[in-house]
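I've put the structures underneath this note.
Paired with subunit B in one complex and with subunit C in the other, subunit A is shared by the two complexes that follow.
Presenting the complex of A and B:
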């Protein structure tokens, strides 16, 4: 018997995928929607971008429903309407972000220069030209508060996560529940709390450290919850292997679990930083807001980027608002750098698994 | 070492064996482990401690106000501060601000919830594969934008548009009392602040809804399709019934965010110490914004009243969050 060995190339086929002919009616609806919307805006009193967008939405719903009704039935028409609505909802999520990022760059870039990173506002009048003054004091303040808040909240956050995943004590359910609730504490309440403890009860003055403590309260839940998710992903085999080698729980956690989760824990830290770097309300209550550079983090009025933005916005002159937008641009760049960094670290862990 | 011939061979012998006592599988933890567990446990309870301290300190500082104002603190509209030499008792009531806060929350949910659910449906069932990841990133970036940015954007960019929309609503729906306008003041209204809040709560509500929709059992989805359901019929009859609790929880979580938002609201809202039902009018209230507004030049008495307001706000948001998380935990994060 001879076997004829023939290699048959089998291409994956997708019989369900719509062909060009199937897509033609949809394309037709798409075109006619825009044509009709243009016509309506052109020949009726309805004017402007708003009128056009509204007409596009209405025509898209009407035409796609009609088409489905003609080709199929009422149920298909309802399906078409909801499909259009869902796509619009998806668009509405992207639009504000696009607008915000565009406006920040457009309005902030004008006041950006090398000079603003080297000077503060101590001797600059509120309506001085943009070439004078800068946000050095705010940048240093933000650096201080973020560093102190990280030092305080990361150990607490990771200990909380360890308690929830490794020790699993009797109170684990309650702690998890309240950590979740803590992430909803309004930032202004954190500021009031630190003011009540640090200023009223303990008699201290405004300082960067006070602001950092308020941010710590907001940062702990983010760090704790992200760390918990990360530690949950560590396979139990690793823990069992550690114990089987005669390790105590302490050594298993310190030598095996935490090193395995390292990049995830770093992600948790960075996400926490991104969460608090832009907080404004608690800092207004705890830092005092200063125009001069204050290198002492534990005493004296100081400023951070959000309070700098806020102060300049409230001054309301043309140049101060320009300064506010430039401050926002710098703040957003910092937040997005942290955000991207967290993504990169997180993704690297995901792919190496 | 046991060999085969050592083992009991017959059944009679087997019967005479006594079952050995089960060995304890519990070991005494070493000293290092005891320390480790103590340290981790105390670290875990720090969050509880902080929450307890927050309520304790705010309550303690606001206690005199709660005592002197009584229930009027919640229901009263007046915020009048008299200096000690004027000899009159100051009046503190946050009724109007509480009402305004709730109105803002409702407006934010009215606009934010449909968009969030729609976007979550889009991401789960409609979007092409290549679009899903970028869009999830977009939503995460939105969650990371500081509130002061939303505030300034709302003030300078959204407000001119939103004023125009408000005028349209007033023109065509003005016969409904809440869209009535006693004065021509469309800027800095609860409507505009609510729109900003709606955009701010979209990321969290969307991601919770998406998490909920992902839990829908696949066999039910396929069963619905096999019975000839359209996509929408499938969503209506399978996805929504399964995810109802989770969506409610996500909406409440968004509401909690909206209630506690401070800076963004303060930027775009005109605070007004009376209850106005007209949402397009430039007069609204927000407890959190009021605290920032009054804090700068507050007298010692007023500061206590602000602490009391903070306590009320804290309790309200905590309650909303606890309920929301209970609902979400029950529907989504089982086990």
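Presenting the complex of A and C:
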């Protein structure tokens, strides 16, 4: 009779969802793990936060495996161990990143004021209070080099990707190999290359443009490789449809393939910028560094946020270190603003769909 | 066995009724004193066409005439070279790495493979509708229909009129006239395929090739596209690859049967559609159209 009654009243249920009773053993494992870790740290020579973390990890693995072994079998125990390991690996990825962000905001926010965006360091002493001076020169320098490097490397990178995916010329294999090799070039080598060729051999002075050229060398492979992957995802049907309508290959690529890949190509650009925005070493060799604002991007010593940060840490006074932290925070915010902007532009079409 | 005969008879009836309507249409047209069907050199002729992929001979010696204003159905089991053949007809074959061909394809009497020919003009005159609907994802419905003009850089005096005309002829106007600025991807599969047909029509091709245009569609959409093909057939030459025998019987004037016996695909038989289904000359054709294999 009871089974009949149960059948009559049909409610949507989730029989696979664990009930509170099912979760109790897991909760118990969780508690006992921490208690055991506390006890170990408290009563054995193992001390400190590190010791506690290590013990938590070990106990979590041991207890969850034991629990599964008791409740089910060896297979379930292995499953529990891998689950715990995956969670720990996830934590290991998030923790350093979160702690870096936290540290930068905590230390950098103190030196942040409206004034630092309107003045440079030209007439400011090394140990002057934070109310004097600013990072305008470095901010302008960073905007210049990122803009120039983007203007140079995005067209070259995308055209390279088009050669690899659309033209599929005889040299595609060689080009692909060199692009991959280029992405492994240490950034200081890119700086030295521009220094040796553009400045020593061709006799040009330090400038933001020289710095941007060094960054371009680093940015092209990232843009080209990402763009290639994106263009490969565009179905061949679309290319054939374009050509079958009487379009030349160039018109088909320009009108159909590139618009279809637009948001991916913007991502390629973002990744390229992310690759170079924080580069310091090549800039030290090519921009010369300066404390004064230099509005001319093609000539004269100039500074960028990474070199500004580097220089202020080198100075070592209390205020200059504070300036360095603020510089890092500003750099991070700029990159964030740029990413958000590019995402919005890339998704504008998607949202209207 | 009776059942088989019945099936053949029913297909033959479909094909016969198609032939009747066609001749009625032809009569109507001849009334306007322009016997388009007999236009000299019009239509498309394939002569001794062979095809290879790398070293593999996939199509052997196919000669087939497509008269202006007719619908030709290409039938046959998978892998017999139908799609390869249809792609040779508008020079899409050469996009496959390792592809090679021999023979001639004459459009208005001139070989489309002759040297110095402007390939883009050839493809403009011989449109293609693909197996899978492939509207351009970055374009609206309107932009999709008119995309051929931009791709081929053609000037048209009245775009709105052309847009409506193409969509009406593709049988899609009523469903999309209030949403021309939505993206092509927002349409159903059948609507997308009709959008692709409308897109092909906008550049005014003389020949329309359709490579299994209904294989991904439900019966309702299929029927709608067949109506479209019938409406279009009076103004252009249509070649359709299909696996659906009923479809071939319903829409085509002549049917060619392709078959591969493990080697290269050959055209076994070509005849008027009613003959293929009611009175095939070759045993293999009969076996195929009665569903005994393939």
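In this section, the second predicted complex is superposed on the first by the 281 of 353 C-alpha atoms of A that agree within 3 Å, B and C clash if a C-alpha of one lies under 4 Å from a C-alpha of the other, contacts with A are read in each partner's own complex, and residues count from 1 in each chain.
Throughout what follows, a residue touches a chain if its C-beta (ideal position, glycine included) is under 8 Å from a C-beta of that chain, and two chains touch if they have at least 3 such contacts.
Computed from a prediction, not measured in an experiment: that's the story for all the values here.
Once chain A of one complex is fitted onto chain A of the other, the partner contacts of A:144 are absent, as it touches neither subunit B nor subunit C. Of the two partner chains, neither subunit B nor subunit C is touched by A:59. In the superposition on chain A, A:104 contacts subunit B only, with no contact to subunit C. In the superposition on chain A, contact of A:275 is made with subunit B only, not with subunit C. Within the superposed three-chain model, A:256 lies in touch with subunit C and out of touch with subunit B [touch as defined at top]. When the shared chain is aligned, subunit B and subunit C each come close enough to touch A:248.
In the superposed pair of complexes, A:79 makes contact with subunit B only, with no contact to subunit C. In the superposed model, B is the one of subunit B and subunit C that contacts more residues of subunit A.
Of the two partner chains placed by the overlay, only subunit C lies in contact with A:237; subunit B stays clear of it. On subunit A, the surface touched by subunit B in one complex and the surface touched by subunit C in the other have residues 248, 251 in common.
For subunit A in complex with subunit B, the residues that touch the partner chain are 50, 75-76, 78-79, 82-83, 85-90, 92-94, 96-97, 99-100, 103-104, 107, 155-156, 158-160, 162-164, 166-167, 169, 171-172, 174-175, 177-190, 192-193, 196-197, 200-201, 217, 220-221, 224, 248-251, 253, 274-275, 277-281, 284-285, 306, 309-310, 313, 324-325, 328, 331-332, 335-336, 339, 343. Residues 90, 92, 95, 120-121, 123-124, 127-128, 130, 132, 134, 136-139, 147-148, 150-153, 183, 185-186, 196, 199-200, 203 of subunit C are the ones that touch subunit A when the two sit in their complex. Across the complex, subunit C is touched by residues 235, 237-238, 240-248, 251-252, 255-256, 259-260, 262, 349, 353 of subunit A. Here subunit B touches subunit A in the complex through residues 29-30, 32-33, 35-37, 39-48, 50-51, 53-54, 57-58, 60-61, 114-119, 121-123, 126-127, 135, 137-142, 144-150, 152-153, 155-157, 161, 164-165, 199, 202, 206, 230-233, 235, 253, 256-257, 259-263, 267, 288, 291-292, 295, 306-307, 310, 313-314, 317-318, 320-322, 324-326, 329, going by the rule given at the top.
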